[in-house]
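Have a look at this one.
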Amino acid sequence: MKRSHLTILTVLLIVGVIFATGVFTIEAQNPKKLIVSNFADANSLDPQMVSDTASFWIQNQIYEGLVRRTPDMGVQPALAEDWKFIDDRTIEFYLRQGVKFHNGDEFTAEDVLFSYQRLLDPEFGSPGASRLAMVDIDNVEIIDDYTIRIPTKEPFAAVLTYLAHSASLIISKSGVEEHGDAFGENPVGTGPFKLNNWRQGDEVVLDRFDDYWGGPAEVDQLVFRAIPEGTSRTIELETGGVHVSRGIERVDLDRVDNHPNLVLHLYEALRINYMGFNHEAEPFNDLRVRQAIAYALDHNEIVQAVYGPLGGPATGYINSNIWAFNPDTYLYHRDLDRARELMAEAGYADGFSTKIAINDDATRRSLAEVVSYQLEQLNIQTSIEVYEWGAYLDMTGRGDHEIYMLAWLASTGDPHHAMHPLFHSSNKGSAGNRQFFDNPRVDELLEKGMVETDVDQRMAFYQEAQQILSDEVVWIPLADDREAVGVHVSVTNFEPCPSGYHMFHKVGLE
Amino acid sequence: MATEATAVKTSARRKQRTKLQETWRRLKKNHWSMGGLILIVLLGLVAIFAEQIAPYGYNEQDYMNMLQGPSRQNLLGTDNLGRDVFSRIIHGSRLSLSIGFITTAIGLSVGGFLGALAAFYGGRIDNLIMRFMDVILAIPGFIFAIALVTALGPSLTNLMIAVGINTIPYFARIIRSSVMSTKENEFVEAARVIGSSDLWIIFKHLIPNSLAPILVQATLRIGDTIIIASGLSFLGLGAQPPLPEWGALLSAGRGYLRVAWWMATFPGIAIMITVLAFNLLGDGLRDALDPRLKN
Amino acid sequence: MFRYIAKRLISMVPVLIGVTFVVFAIMYFTPGDPATLLLGEEAPQAEVERMRERMGLNDPFLVQYGNFLLGLVQLDLGLSLTTGRPVFNEIMNRLPATIRLAGAAILVAILIGVTAGIIASTRQYTIYDGGAMFIALLGVSMPNFWLGLMMILVFSVFWNNTFGYVLFPSSGFGTLRHLVMPAIVLGTAHAAFITRITRSSMLEVLRQDYIRTARSKGLSNRIVVYVHALRNALMPVVTMAGLRFGVLLGGSVVTEQIFAIPGMGRLLVESVRSQNYTLVQGIILTYAIIFSLVNLAVDLLYAAIDPRIKVQYK
């Protein structure tokens, strides 16, 4: 009996020693190791397997598309050196020569065709397939190794911006053939960084790709650490655990801004936050009720209370940084008398009760709390219901909701992307038109805008559509997002990108 | 014959009563437990008179007064929407206490019923019920509650159901073993002889006779359920805004830890005091009911 | 002994099958369509329908459950709905962090709990006893997520404000410094629990005849306490601590969340948030298996020591 107790003690001791030694790891001090904090870990490093920004940000360092966005949201050459419109629905791309993939293979037109075919293969079921749904994939034509013709099914004005989307990043054909289902953990791209090691749930370590066609990156290693909690991201930034941190939260803005070793970049993101109504549900099918609510809310107060410097009051139906934005549309401001009048006209002088549905997100919780508090003034009693993201999309897509809060990120920066999914009647439900809005004139304008190639004409179509949306109070625009990136002073050449996918090829470390 | 049975019953009742009196006498001597009991009564009063005690409404927002530290106007500071943290905690006592009592009541009633059923009938029913309890107990409680709330959707009611279901096996086991030991007693035999129905016997005789262990278990469980429930709320799976449930307050305070430490600190203290009170009382009850354990 | 182990292992099987059924049923009735989740918010309806068919989501409940069990036998828990990777691999990736955290917490709990319990029991009714018992009571009454936030506040935030550096980092995993706060946070409630049991168990043992005999033989108090009494008092402690291991596992979910530890608990919360029900299913099952294995280990430990069980299964 005595011996067995001794055994237990010994076992405990050994376990203790294992733990103690196992957790001591010596951190190699690489002078050129740039550490970046990300909201979450990548879901996959295969750009055709994901639809979340955390994954896309990392992938944009590993892969490149035919074209890419410039920081001012233009389009510039990437893997395609140049291109030419053959007719109104076909573009011929002239590919860069001598570009190497991370596995040493040469990049050719075959890889482009393969990437797009895989993306659009219904059997493969990529979440990004809808991004290139306009491409007529069966008729893509390879002219030679460095020339490829890509037709669209119909004339489509914004095709280049969609080819610059992260879903359209070019993957290596031989890489996919070699790794098969494990490609997402063994990415092969042409970008300035290649995968070294991925500790899932924790960090992705990328190495400089020395054969990058644009010249090797400034730093030897680029590490993306997954830190979901905003405060922790800032603490890590302040204490030197990371050099660049995306998503600095409102409470930390001043700290970062006033910190001697940190620089705060505030930039306009292309996202608009809104409070939507289900137009097929009582009483929100009544324009007067929607107007009354618009008059009951104090826009500036909401944005000030919830977003602070991280949001500007939204005054229209697309983010104000998208070029087709019409600034003179949504002009409601708080006017409780007018709101009460409208409520009385609609037959709700005594108010009503309704539900505000949100997903599980701290900012949206606050938004809902403020809106709910302000609507009490009209005797509109609200209960807030919080859903998990999947259930939320499901529920709002089916039309089981009354009031809901969402945001729309038009990452391509094109008004078609910003408006068509949200307001065209063919997209009712889970395709994006979650308010179940149906207006033939808006449908017509959005269709015209899609095929028109003249920029001024497109602008006119989209601006008219926005005016109608505002007259109809389709939803209440809340705030245009601004995003804050904190950067350590030792980091050079950092330039934020409105898409949120800040690039690190030229970024150095002193 | 009937009179005989009644006589046996009353004597059993009397025994029961004197045992409770004896317990109370012993409990009164334990200062710690009395402290716990007084705390519970105080918390109950706070919950009942929350409207009168709290200086502000729990959802009264003031955007000019956001994230202010403790002061004379706001005893425990204000939150990110300028709401008074003290008032929110006071109002929240209602939620936390009802969560504790209701979840325990769910566990006690369902678990007690199942346990009594299992013990009374034995055999296959016993086996079926208790194996099912084993299955639930094989999943760590908090994790099982997460799964249930995921399925039911996060809300205060569903939180109580999930945590309540969690406590069922504990009560089922206790009542089962307690009924097992009392069901052979003569007064049960007597009741059966006079033709009482099974349910009548279970509710009238067996469960009351298992009161002592149930009481201890229930008191200690209330503390546990408050912690589990606030943990779920902390993860965003419980009470929803703007309800001032303590776990939810703590969770909201987490994002403001560095600029407004009071937002996370005080709700946690409230949880701790409440759970402590129930644990003190529970410990005392256990010792008082079973003096052998008292060292 | 071998027969005993075999018997215990076999008795685990029906319970675990029961667990699979309960977990599968819960997830089956969870709202939210996995196919929509997999394809993303902008996918057309026809594609979603095709995906549902491919994933077998249109099959009847029992067929789906049967397929799930068949997969389980081959360690195939399906594919994660957010990453498309096998659930089994995802869990194996996260398991080490959880085990390391839980192990460290147990270590903390045993060291603190047993020590405090001995001190309290050998100095019954002194200030040490009262103090230790009161702290232990606070320990079991304290929500661990609150303790975690308070430790971050003190050792990361205030420390940094005062001394200009962080004593223990508030997030991340890998080094011992990262492990200190999470282990204490997770271990505290357990330590408090162990303190209480150790004390009462020790008091019980110290009153036994053989302890009196040992004392009367003139053995020093220290030997009596640490060799004779502790040895016998520890068994109930181990049993109870094993039974309560489930609480510790549950606590690890919140702890991992607070300190951003890439373990199974954080994966569970992420999966719940993204309605990744295949992953939730697999994770809960893994927790149940770990919990069962720990209890098995405790039983075996007990059996190895208790001669009565040894004889029974010779």
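Order as written gives the chain letters A, B and C; numbering starts at 1 within each chain.
One rule holds in what follows: a contact is a pair of C-beta atoms (placed from the backbone, for glycine too) under 8 Å apart; a residue touches a chain by one contact, two chains touch by 3 or more.
Worth saying up front: this structure is predicted, and the values here are computed from it rather than measured.
Colleague: With contacts counted as defined, which of the two, A-B or A-C, has more C-beta pairs across the interface?
Modeller: A-C
Colleague: Would you identify the chain whose C-alpha centroid lies closest to the centroid of all protein C-alpha atoms displayed?
Modeller: C
Colleague: Cα centroid separation between chain B and chain C, in whole Å?
Modeller: Those two chain centres are 23 Å apart.
Colleague: Report the inter-centroid distance (CA atoms only) between chain A and chain B in whole Å.
Modeller: 44
Colleague: How many angstrom lie between the CA centroids of chain A and chain C, rounded to a whole number?
Modeller: Whole-Å distance between the two chain centres: 36.
Colleague: Which chain B residues reach two or more other chains?
Modeller: In chain B, residues 150, 153, 254, 257-258 touch at least two other chains, as defined above.
Colleague: Among all residues of chain C, which ones touch two or more of the remaining chains?
Modeller: Counting only residues that touch two or more other chains, chain C contributes 30-31, 157, 272, 275.
Colleague: Check each residue of chain A and list the ones that touch at least two other chains.
Modeller: 229, 231, 235, 360, 388, 391
Colleague: Per the contact definition, I'd like the list of chain A residues that touch chain B in the complex.
Modeller: 229-231, 234-235, 249, 251-252, 255, 301, 304-305, 360, 362, 365-366, 368-370, 372-373, 384-388, 391
Colleague: Write out the stretch or stretches of chain C touching chain B in their complex.
Modeller: Those residues of chain C that touch chain B are 14-16, 18-19, 21-23, 26-27, 29-31, 124, 137-138, 140-146, 149-150, 152-153, 157, 200, 203-204, 246-247, 249-251, 253-254, 257-258, 268-269, 272, 275, 280, 284, 287-288, 291-292.
Colleague: Could you pull out which chain A residues touch chain C in their complex?
Modeller: 1-2, 4-5, 8, 12, 15-16, 19-20, 22-25, 27, 40-41, 43-44, 49-52, 122, 125, 127-130, 181, 184-185, 199-202, 225-229, 231-232, 235-236, 238-239, 241, 360, 388-391, 393-395, 397, 421, 429-432
Colleague: So in the complex, which bits of chain C are touching chain A?
Modeller: 30-34, 36-45, 47-48, 50-51, 54, 82-85, 90, 93-94, 97, 100, 103-104, 107, 110, 156-157, 160, 165-166, 169-176, 178-179, 231, 234, 260, 262-263, 266-267, 270, 272-275, 301, 304-305
Colleague: Where on chain B does chain A make contact in their complex?
Modeller: Chain B residues touching chain A: 59, 61, 63, 66-67, 80-82, 150, 153-155, 236, 240-242, 252, 254-260.
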